[in-house]
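Two complexes follow with chain A in common, the first pairing it with chain B and the second with chain C.
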Partner chain A sequence: MQGYFTQRLLLTIPTFIGITLLVFVLTRLVPGGPIERMLAEAQLASGTASSVSDGFGSQSLSEDQLDQLKAYYGFDQPIITSYFQWLWKVVQLDLGESTRYGESVWDTITERLPISIFYGVTTMILTYLLCIPLGIFKALKHGAPFDHISSAIVFISYAIPGYVIGIACIAYFAANLEWFPLGGFVGDEFEYLSTWDKIIDILHHATLPLIAYMAGSLAVMTFMMKNSLMENLSADYVRTATAKGLSFKQAITRHALRNSLIPLATHFGQNISVILSGSFLIEKIFNIDGIGLLGYEALVERDYPVVMGILVISALLYLIGNILSDLCVAWADPRIRFGEKR
Partner chain B sequence: MNFLSPQGQRRLQKFKSLKRGYYSFVLMISLILLSLVAELFVNNRPLVVQYNDQIYFPTYGDILPGTIFGYDYQWETNYKKLESDFVKSQNGNWMIMPIVPFSPFENNFIEGEYPPYPPSISSKHYLGTDMAGRDILARLIYGFRIAILFSLLLLTVTYVIGVSLGAVMGYLGGTFDLVFQRIIEILSNVPILYIIMIVASIITPNFWTLALLLAAFSWMGLTWYMRTETYRENTREYVLAARAIGASNTRIMFKHILPNSVSILVTFFPFSVVSGITALTSLDYLGFGLPSPTPSWGELLQQGTSNLEYQWIAASAVAALSIVLTLVTFIGEAIREAFDPKKYSYYE
Partner chain C sequence: MSKALLTVSDLCVDFETEHGVLNVLDHVSFNLYPGKTLGLVGESGCGKSVTSLALMKLLQKPYGCIRAGSILFKGQDLVQCDAKQMQDLRGNRIAMIFQDPMTALNPVKTIGSQIVEVFNLHRQELTKKERYQCALEMLRKVGISDAQFRMAEFPHQLSGGMRQRVMIAIALSCEPDILIADEPTTALDVTIQAQILDLMQDLQKENGMAMLFITHDLGVIAELCDDVAVMYAGRVIEKASVIDLFSQAKHPYTKGLLDSIPQLFNDGKGALKTIEGQVPSLLNMPTGCRFRNRCQYSQQDCKSLDHNLDTHSENHQINCKHWREIKDA
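Then we have the complex of A and B:
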């Protein structure tokens, strides 16, 4: 068992290199990198609106300066060399500097982290709070009108992408009825509010995005709960429990329920990467300054150190999350033995 | 119905008995078929024109230049002008326009007003127009056609890769399996949207390149299921029997194992359609999808969110997207249930 997880942990290294190398190479091969962007800005600033077709000859920067810039960003070396230089820095926990802000990438990311974590954790707690009771109730009422109606609603919320639900909410509840603000994490006067009003303000801003975030995971979790409970209800041990004289309710609460929570616990590991990275589409719509929006803007602005930094974090979280969910499975269900020959 | 195995017939019966999924299926198929001949319902060309004792059917085929109807220009006839001229001249010429007499590309302007125009029956813009004065209903319908065809193309490529690769992975196992497991893990971690955004900044993607690009990063899910399924089937007696009588690897994989894994392929189908439509819509929404002026739901969503005061734009796009995706999800759920042999029992 331990050997299996060590092996899994070691296998994440080639995967991690593969992911980062692929994106790194892509960012290098694509025209319009940070240097081109800087050149364009420099041209605009100096007022020499020379046409693009003139090429490098008429640019306001000399060849020397250009070479210096390239050396600064590591563009003067072959892709593989500069990739391993970058990787060596990452191992030393140095993600480089943002080409857009000049700040360290690590600071830029940690600045937005609390916002993403707030939404991620709140969404997860609310989803568990809603899905577990709903799933249990649906399993007990399987085939009843309540089951059908709630299934239809849950499926509709699953079918529509979260950001589209976000658009619908913002168009109706924010723009039309003006019940909620149009976006942002906090209001303009946030600093001057009392603590209580601050909490109210955050919740006021968070309601619509949370609905959009929750809509997608609602269906998966509810049905996981329902199906797993139903499977356990038809298991032999529940029959034994009722045969020895427990009431159906007792058989559920004492035996079936605990076993049926296992799949939900194992799902937890996969949630980790979602908690942190969020959905950039939802963040974009609600103008929430989280990690997702940062990554999107960094890509549009060709701020590759930030793009790579976010990729490093999200890839690590995903890989660790996968192993964590396996660990959860093994922990929750002692019958499961990973890596053993059957 | 003789071409189905008894098991297949049972599943079909079960599927038909699940009313929500079955009616969604019927409705969805009719919507797709109707959208294939959308030119008959939504078009700025009339269905029939009778002009000086001759009948024209301009819907399909080459454009009819204005000279045919006595105008002095060579480009396509302005049928709205022609229609009003017919009414004025009263000499027995007539034409029948489609229900929605607009093309998705034409900018309509009402004199003295700026677009967008709100929904109105008298102007025949039943869902209003977008910011450029294009009819929203027309763009929704043609956008639906493009989105469906797009996701079907995407799905075909995904299925070809996923089924063959997944079967080989599960069948051969060993190093081949291990290598592709890592490749799948890498590819499913790469942010697809990022890559498409990067590629879109070099070339303007068209229908085909965009579908192939998306397919290159979305075959992993099906491959994984197919691999697991092949692994499972591989240990069954019928495979052993086939091997014993000397069947080749390819024959065992595609003649024996594949038909037995069909439930995975069918169950996966509707959810692939949903993810295809969703992917195209979000790409269009961000402006990295099909080039404008292609009619697209994502582009309408984008217009709707940046102009929230004109609520009919966002409302139409959201409603259309929700209805179609919900229908497909209902179908998928019914198929899944029809293929699920489990029957639950209660010891109450």
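Then we have the complex of A and C:
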């Protein structure tokens, strides 16, 4: 088992290099970049003042300055060389500087990461807390009115994209009823509140976004739980358990339940990476300054150091998430023992 | 013959389906005697397994229900028992072994914990350590070597034969009065089958329990059973001692079954004998004799045959109007 996980961990290194190299090369190959963007901005600023008649020649930067900038960003080097320069910096935990803000990418990301982690982890916990009991209940009440009604609700929430649900929630609960704030992670007076009120404030702001986040994953998890439990309820070993003298309830809690949690365990690791990277649409709607929004804006603004920085973190999360999934499955299912010789 | 331990009389089971109510068991009656084995034989879908599940009252609700009849066990009618009473009986006084040992054990629990569970349910007076010791003893009894080591293993680490031994250990833990074996050897290969049958016979001698052995394998019946009940389409159509059944079967269906067994001393040429036609669907079962659409001796009055058995001798009963007229081939 240990050997297997060491192997998996070592394999993450080439995978990581593969992912980052691919995106790095792409950022170089697509037209446009930080320098072009700066030029465009500078031109816009001066263009309004001077006439356009000068045409292309009247660049606000000289060739020398351009070369300096290129050298500064490492654009004067061949792609592979500058990739490995970048990689070497990453190994030293230096993700470079944002071309937009001039701030360290590491700081920019870590500033927003707690917000995304808060939403990600809360969504995940709430989803599990809601979906597992709901799935179990639906499996036991299969075919009853409750089952049909909850299925309908869950499927509707699955069919509507999370950001649409977010907008609907804002329009009704925030704008119309004014039960919840319109957006943001915390209120304006956050700094002056007591600890308890701070928690309340965060939760108050988080309610609507969390609904939007959860809406999509609800269906998948609930039905995974329901189907998996129903499959196990008709399994032979549950019949064996009742033939031993267990009541139906005991047969479920002691035998069927753990078996039906196995597929959910497989899903666990992937969930981590997916929700930590957040959804920029929901973040945008609720004006939450999280990783999703940062990544989206960085892409639009060709802020490649930030793009690569976010990629580094989400790739690592994904790789670790996959290994965690394996661990979870091995923990839940004794039939799976990785790398052991039979 | 000694007093019957379990008396099933006129057991009727209905299944509610989308297509209407199906009469799966029609007035099934038989007795189980201590130390004796009754074989229940019939083709797939004739109601053998439903009978065994009905005895345990494990029919899947709301689809299957016992419509009429009684199951008397030590003066207690199991049909009238509530869930709690049945839970006390199951695994304790009446135990069951299932067909497929590969799926009948919980894959995520150790062998040991699955045996100990029976003691947890029915032998609460024992200490934890005693329960473990009893479970270990059971594993040794069913012939599993390295029992201590196997206790901590999971089902997938055992072979099919070993798993069926574990199932037997679970079933016999509380020394039940009745063991219901629902095709316990069907999923095993032939050498293992013989071992398991021997084991069951040995344990029966030791415990003096009654056994209901369900199978479609006439060879297994001949080897193991004292009495046989032949089922067809939800009815018992012939009951006899095992010797009578093989030497002088009376019902045309039973005769057909026996004729269908390939003979070792034939020259190996010619087609195998079969019973013509197919089992009628439960949805449109013929009135009267359920076998009459396939029976070469069927006559007009077969339509009025009911479930009652005609007595040939005390131990030999036949559900047929014309069995006397049919000559042995």
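Keep this in mind: the second predicted complex is superposed on the first by the 304 of 342 C-alpha atoms of A that agree within 3 Å, B and C clash if a C-alpha of one lies under 4 Å from a C-alpha of the other, contacts with A are read in each partner's own complex, and residues count from 1 in each chain.
Basically, a residue touches a chain if its C-beta (ideal position, glycine included) is under 8 Å from a C-beta of that chain, and two chains touch if they have at least 3 such contacts.
Since the structure is predicted, the reported quantities are computational estimates derived from the model, not experimental observations.
Asker: Do chain B and chain C fit side by side on chain A after the overlay, or clash?
Answerer: Once chain A is superposed (C-alpha atoms), there is room for both chain B and chain C without a clash.
Asker: Quick one: classify A:Arg239 as touching chain B (first), chain C (second), both or neither.
Answerer: The answer is both, since A:Arg239 touches chain B and chain C.
Asker: A:Val121 in the overlay: touching chain B, chain C, both, or neither? Say first, second, both or neither.
Answerer: neither
Asker: Please state, to the nearest 10 degrees, the angle that the Cα centres of chain B and chain C subtend at the Cα centre of chain A after superposition.
Answerer: 80
Asker: Counting only touches as set out at the top, which of chain B and chain C does A:Ala332 meet: first, second, both, neither?
Answerer: second
Asker: If we overlay the two complexes on their shared chain A, which of chain B and chain C does A:Asn259 touch? Say first, second, both or neither.
Answerer: Only chain C is touched by A:Asn259; chain B is not.
Asker: First (chain B), second (chain C), both or neither: which does A:Gly18 touch?
Answerer: first
Asker: Tell me which touches more residues of chain A here: chain C or chain B.
Answerer: B
Asker: Can you work out, in whole Å, how close the C-alpha atoms of chain B and chain C get once everything is superposed?
Answerer: Here the least C-alpha separation of chain B and chain C stands at 5 Å.
Asker: Go through chain A and flag every residue that touches chain B in one model and chain C in the other.
Answerer: 239, 242-243
Asker: Within their complex, state which residues of chain A touch chain B.
Answerer: Touching chain B: residues 11, 14-15, 18-19, 22-23, 26-27, 30-32, 142, 148, 151-152, 155-156, 158-161, 163-164, 167-168, 170-171, 174-176, 182, 230-231, 233-234, 238-239, 242-243, 248, 251, 281, 285, 295, 299-300, 307, 311, 314-315, 318-319 of chain A.
Asker: Once bound in the complex, which stretches of chain B touch chain A?
Answerer: Checking each residue of chain B against chain A gives 20, 182-183, 185-186, 189-191, 194-195, 197-198, 201-202, 274, 278, 281-282, 285-286, 301, 304-305, 308-309, 311, 314-315, 318, 321-322, 325-326, 328-330, 333, 342, 344-348.
Asker: Quick check: in the complex, which residue numbers of chain C touch chain A?
Answerer: The contact residues of chain C facing chain A are 56, 58, 83, 87-92, 95-96, 98, 100, 103-109, 117-118, 121-122, 154, 156, 167, 170-171.
Asker: Flag every residue of chain A that touches chain C in the complex, lowest number first.
Answerer: Residue positions touching the partner: 235-237, 239-247, 254-255, 258-259, 262, 332-335.
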